[in-house]
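Letters A, B, C and D mark the chains as written, and numbering starts fresh at 1 in each.
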């Protein structure tokens, strides 16, 4: 098929040329004497992305799922009670993992389209006078529904209850794209992955841990070696790794951080918000509904859109792939088929963003949806051009 | 600036990943014993693109301009009379080159927006009873105006006059994108370059010569060494080059031919026609005028579009570059500022093509043009989706 | 520093250009309808490398260490008794992992320089009448000492005792470089990684499991989600992955398998044996001793070499890195400083192999070792040229 | 064939990874408003490599041969008398080009193994009282014989005769590798190419012209368009090119200059001298003769070596290619078969350099030469290690 494939799934995101080339390098000796000159500043700079000064960041050759496992296995023991909430495929998967690791999971079942029920958390935490709950879990961005949650509110629920449980946040599809403040929000474990806001291929699970979290390592009884914080810390401190690290991904991560810092994290977040808003303008012009049930739940990295009843959004997405070389994301879990998703995170600008909109319009029209060609595009164009940055001429 | 730059100039065109990687290889010994196993089939396959069985193709480490020079210097002598026509920046440049090489140039000045005046050629050739005209020149695709010319008609003019002059064709921005038939049309010298339909970076001047053209070498007195056909032939026949060839570009050219043949040349041409038509649909919806003065002149690789009077199209193009990371092409020569151009050749599909349309709409709106956002997009979308290929599900 | 770095550590090995470019591709949708057309043959072809028809192969975004964890956590329960042997840094690390996962480890302490004590295993297994031992572990190639072990002999020990324990093999630095026959040798769990014989960057843990091993999944109580065979199997069967796979590494793996099959696995093994022998010829000419205590222990992927007493081999290796851009491998664990290592696995030919020999000679001479420059080189040259393949001229 | 090919021909040289990746970028608009921000400093920095402040440098999408043609066609007219000397394949080719361009060539036939006969030049120039000679030509490094010439001595010959002829220097295989001082030596036209000391693929002819040379443009009658200095100057001054430039090569050239300046030109030259000396040490140890007839003619970028009488050096080189994946360079012209060549220019370090020595030893031994394996290696090793730079530990 001539021409490029357009990838608008909520990760892997598009890897910019700079990062592609930064990774297109020879293998290197991960025990070389000058390797720490590369790794130590990398570890330090990663902390800036998580906005933590007191915590530390671990880089595992894994994925976000591996990051979840690292977060729990280093800090919890079988039988430990944890408070979680499920409102989409990925928040549910984390619940499943905790159950399979023998944790005593209290999982709140939340309507899809909403996010972490901070008020309900508050009540439960207040009621937990004996502090049996050891961990409180929150998915900052549920990729399956395009729903963002308020982590600060979860912190407040803990604080209001004066509760010592650790706060675990899944930031896989939000960190480095949407605002995240580990220290300020009192997050203890934050999990991310390479293939989203970091604009890298899949292959790194990136986990930040607070000092409070690290203090739990000695008592945490879940088994761990590959994902062991202790093993990492012992050699990371000298710039090395306990087993062979994926050096090309680390070189790419270095370039990723360079790009994030050059643009400025706040500008990155503002850009993602602007991109997300533009997509929502298009959806509104189409007359379709978001899965997210209100502005307080809007995600700036992925948008899930209900298709008109009686249609199969996944069939439409597959049609777009076959006919227009456009990778939209299918809907999964309990809304499978009822919706489709557009990922708009990472290395993204205005004209890139308009592509899934033009393509989705064509595919929806092909499938017989009552959609006016150009309508979503025009709405997004107008929003984007009226909010464009002033550039000196 | 985050996100990719969108390049829609009429060359260099976008280099597909397959070709990029085919060129990302180590340097090699161009005198290796197995080098001819690579080059000899390459030379043969190039002939298929020019649709010549009796001619031969030369690959110079140069550009299309170098190809022009190779075509004339191997076949003409100072003082030779040639018939040419100018109707745009590039046809005029070839005239200029011929004059500077001491040829006796009869250059017809044609209104920009039209192409090779085949009827006028016919008259002149008929009148040239003594066959003083040694070469007849035609620019198949004038990149500056988006005007295609009818090469078959020029052949007919020669044939009707029973005229022995050589037929020189500038196919730099048409060959491998638009139909070209060297043998059938009796073209003697055909010039192309790597950075257009061949989807490669700039760096190769590709010139095909008929046997009739090659027969002129012995008498042609223009000096040549770098561009000498004779030198090339002597060693090309054994698979080598008279001086160091650009092997990485040749490796890319191999992949380019693979891709062209996999898709099928006729499919490539049909795709370009479809892309060109879609752009013209958008222009019509915008209420703007093409520089090309009628369907018989429409180019399928580049479209030049007049902006509303009182505006500067080049200023708009620069605005699009600065604000939307979109490279449109400026207008040059006598229409400089009055128009802008969209290149749509090479590795191009539907959603790629919609990008300069969405971007130009935004930029034109920003500049105060009376353009309805989404209007051109919708027209192109409708045309593209209604003409899409059936794909088995 | 001008010029390339020469990497001769026992992994990561040098990634050939073909594989580099196969990975230099855009991210893709791992849920695309045509993704299984890529993955299903890949899974099948991986089985050929392990030489298993009845087992299956899992590809984790991890490392060999992760592969170890996958092997045990899917098949064992806390308290299970396992028989292991330690004779180097890596075999000891696997022991450590098993202990930390709550297994009841009987670890035989073997002199460094020797490998798996198959006879001792035989005795222990015969004595284990109640079949309390659930797993027998063998490191096929101990990377720290350059010692290869006889897996077939371990199988024989099990068979002779008619013992049902699973056979676990660490083949991280041997599989795809040295002979390995999963079905024939009755291996139940075989662990490899991407950055050795597969000639890829670090980032994949590749684990093969026999049907007998897979049958243990239902009873195995070690917790697992990221490394779960069950989760993988459910979706691998359809060509997908339970979480985002590292698609660029998978694309590279495809090219790796292409290269291995083009050369032929037996030729690959023979080449490694020839390379290993050449290094040993050089060591002999230097008058130095191998860490491996006899031909039955020689590894064909890595050679560990004792330096003359009173010298620090690691200091010499660091000197080689700083002055000659040569990455030799340091010695670790109980022989740290007493030796240095040369990795010679993966994409390797004669002249590549001579480089660490020329470089080590210079570095040893610089450090004052009593080494004759050119002596090791000459021995290796003579061996390599006298054993070169006949090539038709 | 597994393992890398080793390329030791005198160009193309090995392209370092940094430069490879700098060129692995998307095509760009060569008329973009910010393009001059890239090109203008590039033009300036090129002057530093030629060591000229008053001249200017032109970059053509061509090769060194094209550079030769640019040098003559912009400054000479048919019939102009020029003084040249031939002592190898490449100096002879330049003579041939001048003849074919209608110049009146006085070509001194010099024994191969020696270089520019400065004393003979001096006599001829003194005798040319009427200054009929318009140009004096010197090949600084004859690639076919590995012979370097003294450009300063040619300048002196001109000065001593008080002769106004332009001085033309072929520095294709010397500039950026060996000392070159355009202004100090009064060179008027200096020709280089991308694929040698600049460490790039073939594809750029790089020509520097003095003000005195530029003043000849108006009177020079040789035809030129593609290679026109005038056309280049008009737009280069604004950062643009008269026709599409090969932007990826230019991006690579930028990185090349970065690397040259980071190392320091003088260090680059010293490194080449050290590499050349090491090869000569090996040749001496082999008991073979250099083609260069004495130290005053030694080239530091390529060494031509006579094989023992009765042998065919080119057959040996082809053997090395087929059996050891080593690209040595064959001998050409009047010494074809009597010698072979080792290129050692560009991105080269100690262990790289030892590779053609180890490989040539094996190939020569295979061909039955009376060569002791390891002998040349040992001599080169000893020289290299005894001259290595002190590095702080």
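Just so it is clear, a residue touches a chain if its C-beta (ideal position, glycine included) is under 8 Å from a C-beta of that chain, and two chains touch if they have at least 3 such contacts.
Nothing here was measured: the structure is a model prediction, and the numbers come from that model.
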Chain located farthest away, centre of chain C as origin (C-alpha): B
Interface with more contacting C-beta pairs, comparing A-D to A-B: A-B
Hey, how far is the Cα centre of chain A from the one of chain D, in Å? 54
How many Å are there between the centre of chain A and the centre of chain B, using C-alpha atoms for each centre? 46
Out of chain D, which residues touch more than one other chain, so two or more? 4, 14, 17, 20, 24, 26, 322
Can you tell me which positions in chain D touch chain A when the two form their complex? 17, 20-22, 24-26
Using the touch rule from the top, collect the residues of chain D that touch chain B in their complex. 4-5, 7, 9, 11-15, 20, 24, 26-33, 61-66, 68-69, 73, 78, 96-97, 100-102, 193, 195, 201-203, 222-227, 242-249, 318, 321-322, 327, 329-330
Residue numbers on chain B that touch chain A, as the complex places them: 1-4, 6, 14, 16-17, 24, 259, 263, 268, 271, 322-326, 347-352, 354-355, 358-359, 361-362, 365-366, 372-375, 377-378, 381-382, 384-385, 388-389, 391, 393
